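Mind looking over this structure? Questions follow.
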């Protein structure tokens, strides 16, 4: 069946097209190429999701080697959905950037699209692969690509941010590699399924090795996915890149690593093994700390993009929170939150991007009353903000609700307070933005209605994203059920 | 103690890792930091490869000595580490490139000095 | 036929509105209309006298005001209603003259009639909740009469009046709540049976109700509104306030003590005690007053004491209570007549010289024969001189007292007899004071007759009342016949006979007169009449005495008000304060964020940009003011450097290492 | 499927308000006619559906046990919905004139209509989740109304309103989560979802109840979470009136009734002593509201604090857990709605015609605007609870309820507060009618008819409700009988 090779196909397809981009002199061509390839990948991902839905998960052996030796791709429904979300968000982000990227930067346009393609390809690789070392390679590729995107604007903040990101990422991947070495040394396998089977048998003899490995993976991937105290690179990196890049970095890149962490913790080791160590509690604590501190730090920011970047820290906190709960529902919700947040955060970054683009201001104080000038964009932003705060039916609310239920299920009632406090804090920094831009006599003085509105065609991708946000919220039941079915 | 001496490869790797990490931590000079990272990477490679090596066995490319499976060491770690080295080199290259850029913009590669001149 | 009852209420209610509407266009027509209206009411009542005598009337209108409207008219109630109608009829006639020079005449008539309607309502309600309803309406409508002048004094009086009326109403309501909760009925005739079974709580209930009604009846110490409100109102309004409205409270107390509680001994004794206090205190304070209206107001209080005494006696006398019943009702009836008469006389004085201070109007009445005559009639009646109606009711009450003395044979009743006489004597003394000052002393200022100021329609009511005073005094049995049957309401059927003009009663009257005159000459003339600036002036030393309102009630209320207000102000802001403090905390953290920029910009930034919650500016300001600038500067710098370091590459790596170590150590430790 | 017809009165306003926002009207009159016809039509829809369909329900959108948008028409809901729609009509007409002063009328009417839909949805919400959804939406849709004037002060108050509301909603969410985790059912059923389940962990139940109560209590201005309400007075008068009378604070109270009697059930609450701890807060609420009202110079703020204390009465009726008290509570909910909206309308009319806001300024205004002030006076007497006005009837039942549960203290507080009510409202009336310069030119200066008429009609309703309360009373009694 050709469909079984679709996952690999998307990865290879994206890589190949990206390498051909430098061949073309004109930026326009790479721009369109990137858009076309990404949209094709999304269609393919959609097909594979549908296929998986009806025929079960795909195990695909690369180059026909059998499992323990060759590289294997494993695409279940979760991977499928995440892949679909990644490709479609990327498509929409690129669609958006097709109109706007030139306005914020003059050079290296073609290079940007090349990096995006590589980045998405490698992220898909991280999501799909069933091979640890393969995952490591994809991590490194994606790191380089992501750093490249950060530094695509030739400004000193960008360079510094990229360097910080790079150094921490290298450290993280070093730990991951170390972890892989440990795992390999005790199991002799790199294929996740096989490692798991092996570990079940032998983990009793290698308790401290397993423990150290767990820590290496958690920290290694944690730093890449901005687990709370290790988030320091994130705001600089995300806030300085172009809007579409921020959307992808914040919405997708972080999620790929955290998803890999989930795979390693629960597929490679399995709940049985990790529940012997208090690791999950530590993750839960850090997750909660992230939820609170991310928001608190966001309140203190004055640059709107930094606010949203810090909000990402808080939202990643939710995902770690879900992982840390260590029960089925928590995990399922962590994955649901990956999806929901990917969409919401991209929406937010893209709408803020267009606001900054149109007004040239990025300070909160300068953005007052902007709702009158660009009501459509700001309405989109408002919907995103509502989701973050947790207004019912939007995905943010669904996540919070089920996270809460999961923590009750796990018997961790006190942590409910964290969820509530964090959503209140979310309200505390999102609402003033919304209110000050829409309302207020002083704020609206001198603003002309719809004067800075973006043309509707440029807003289409953002509108589509908003629609997706709603859909994810409304059809949460199906998604969550599918995730739970495929979880272990 | 016995274990440390027996597994001298691993011991060495860990020591190297520590050296690398400390270098990374304590030096303000960006180049030295990158060197520290390289040392760390090397430590990991050493560790990984040592896992693949068994005393007295041959590499699987040497055909004459032992044709059986037991005669050869596992070639996979070595192969993996080749990939790893490539990745590490590219990373280093990228980091160095960024360092040059940074020097262009800030005029120094001492991080503590850069820290003091916050732009915003 | 039963529907007449509802007509009795609706007629004045609707009439009030109609008179308002008429008054908008034609005042004269309105005056005539109101007079006719009250006349009709009086006529209607008189017509149904026979019917009431033969057994009373009842009417139940369901589905209104929640409980429905339950009206009842028996002889007891009929006496109240009839005298009310009569007084209103006369005062309305009087008003058409008196109120001419006032503003807001239309409003006056509307509320005058509304008060009338609600008063009728009070007297004929069988459901005690209906009674309460009308009681409250009356309080409010009469308030508007009290403050009719709209000057500072009337407003102050009005404030006391409405405050006490509403407070009293609520206490009464509390009593009713409890009553209904325990007895599950609101019909006055059913309560006595129900209340027997509920234990001592009935004393609480009845005390609450007595306090509630007692405010209106101005029992001590709830009387403080009365001497303020009565002088404040226009004379016809004062007349009805004193003559009728006070009686609504009395009516309530009679209902409570003698019907609901069935003349409970303890309660009756207390009421009797209060009656004496009222009697003596009212009379005593009346001696000092210089405002004639206020003297009369205190006099009302004193007369209320007699009525309360009678109410107490009804309870004490048990089987023989019929005599006390007649005494009480009779005195209520008579007091209404002569007190209204006196107020109307004062009203005439006021109409002419716009002042009623005894020092100003001295000698006014020396040459005014008719006025003098009517005043004498009223004065004699209130003193209880034989031949007037006051003598009749006081004699009955005195007989009742002797009867009780006879029945219980206690020394207390000796004291009581003495007090009774003293009370009457004080009455003589304060009336002498008015009479001598206004009608005997001479003054050059007031020689004319002022005939053109006064029309016949102002004189007529006074004449009618004077005739009634004498007619009842001479022919008491007529009134007794009129009242026959009131005892059935109290569940007794015996009869009684009194020889009014016996030697004893005449003798005691003489004693009273002698004592009264000696008080007047020995005390009033000597101590209260001083020569100031070459003129004889009455002084009022009681102004400097302790005043219940100013020295006790108000300070206590104010203290309670202040402390509770302070307490609640704290609570009011508690939520805000908590948030404020939280934000101060956050602000402190974030302060360095602004500190980087020039100091001037900070304040702008804070006020414009970051103030998320109200009051944050203050909070911020506070921090800035309080903290010593230098220390804060260092702290801020430190915080800035911390934050910058946190964000730098070097420290990021440190954090990374730290977390790694923490994870490893804690896992290792926790695992073991 | 025909049951879905009941969604019309809920969703018609949404649709209509969107239309209103999009259509460009030639004249103000046309727009006013449009708004009026929307609101009246919606009222008719409601009547028709109640009349034709009776009590029906519909699952609009059911995902699972929890995510279930479920609407049900029951008697309590009908009461609330009718109250809201009736008052909305009055407010609409009142606003046509009033809002000409405030400007930005179109925005006002868009949100105004929208809020109607939400309020009716709240009334007919069939489970706690649905309720919660619309409860949140209510905050959002009323927010633009609160900050209508757009001044700094308005924005600050708006923020306060939002923060308090969301704080409360967050607590509600927490309570809902806990509740759902033990009951797996959040449908509003008379006598509650616990009627068949025995839960022995009474402390947990109690804390859930407290959390929900306080969460909803924020909207119901429960002390110490009330301070958003006085600050929200910067809103235009029709908005304040609606906020107070029915839309926001009553939604909070309504929620508490739903939670107490339709989720927990009176028996469960009695078992867990749910009412005991709450009642302290309520006593504070009543006393604080009425005492602090005395300190307010601004007329609207005084009314706001008065609302705080009156809401205390209603809550008291709800938590006493006996039939009389509940009847009193619900009746007071209705009565207070009419009285308070009337008071606000009068205050607004004064502001509209003379621009006067504080009590010191309005001396003698009764001579200029006698009709308005007469209506104000009647409302005042109602609120104090002087018979035969309607406030008295509800107070009577509340007191009876208080005594039924042997709480004399409550009754005393009720009366003290009534006295304080008199103390803060009567001076206004007195000052308006009997004080002020006598010599100034007393030409009558009433507000325009479209403002005066609602005032007069509402006064008529208040008086009629007081004189003939029995129909409403019987209806409420029938509700109370099923749930206590």
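Chains here go by letter, A, B, C and D, matching the order in which they are written, and residues are numbered from 1 within each.
To be clear about the criterion, a residue touches a chain if its C-beta (ideal position, glycine included) is under 8 Å from a C-beta of that chain, and two chains touch if they have at least 3 such contacts.
Remember, predicted model here, so these are calculated numbers, not experimental data.
By number of C-beta pairs in contact, C-D leads when C-D and A-D are compared.
In this assembly, the chain whose C-alpha centre lies farthest from subunit D is B. Note: centroid distance subunit C to subunit D, computed from Cα atoms, is 35 Å. With centres defined as mean CA coordinates, subunit D is found 70 Å away from subunit B. Separating the centre of subunit A from that of subunit D, both taken as means of CA atoms, is a distance of 44 Å. Per-chain CA centroids place subunit B at a distance of 98 Å from subunit C. Counting partners per residue, subunit C has 612, 648-649, 653 as the residues that reach two or more other chains.
Annotation for subunit B: residues touching 2 or more other chains are 24, 114. Residue positions of subunit D touching 2 or more other chains, listed in rising order: 159, 163.
Those chain pairs judged to touch are A-B, A-C, A-D, B-C, C-D. Per the touch definition, subunit D reaches subunit C in the complex via residues 156-157, 159-160, 163-164, 223-227, 231, 284, 287-288, 291-292, 294-295, 381, 384, 386-388, 392-393, 396, 399-400, 403-404, 408, 411-412, 415-416, 418-419, 422-423, 426, 430, 434-435, 438, 466-470, 473. Listed in rising order, the residues of subunit C touching subunit D in the complex are 63-66, 103, 129, 132-133, 136-137, 140, 144, 147, 150, 155, 158, 162-163, 166-167, 169-171, 173-174, 177-178, 180-181, 561, 564-565, 568-569, 571-576, 579, 611-614. Within the complex, the subunit C residues that touch subunit B are 644-645, 648-650, 653-654, 657. The touching residues of subunit A, when paired with subunit B in their complex, are 69, 133, 136-137, 140, 143-144, 147-148, 151, 154-157, 159-160, 162-163, 166-167, 170-171, 174, 177-178, 180-181, 184-185, 188, 190.
Only residues 63-64, 66-67, 129, 132-133, 136, 140, 143-144, 147, 149-152, 154-155, 158-159, 162-163, 166-167, 170-171, 173-174, 177-178, 180-181 of subunit D touch subunit A when the two sit together in their complex.
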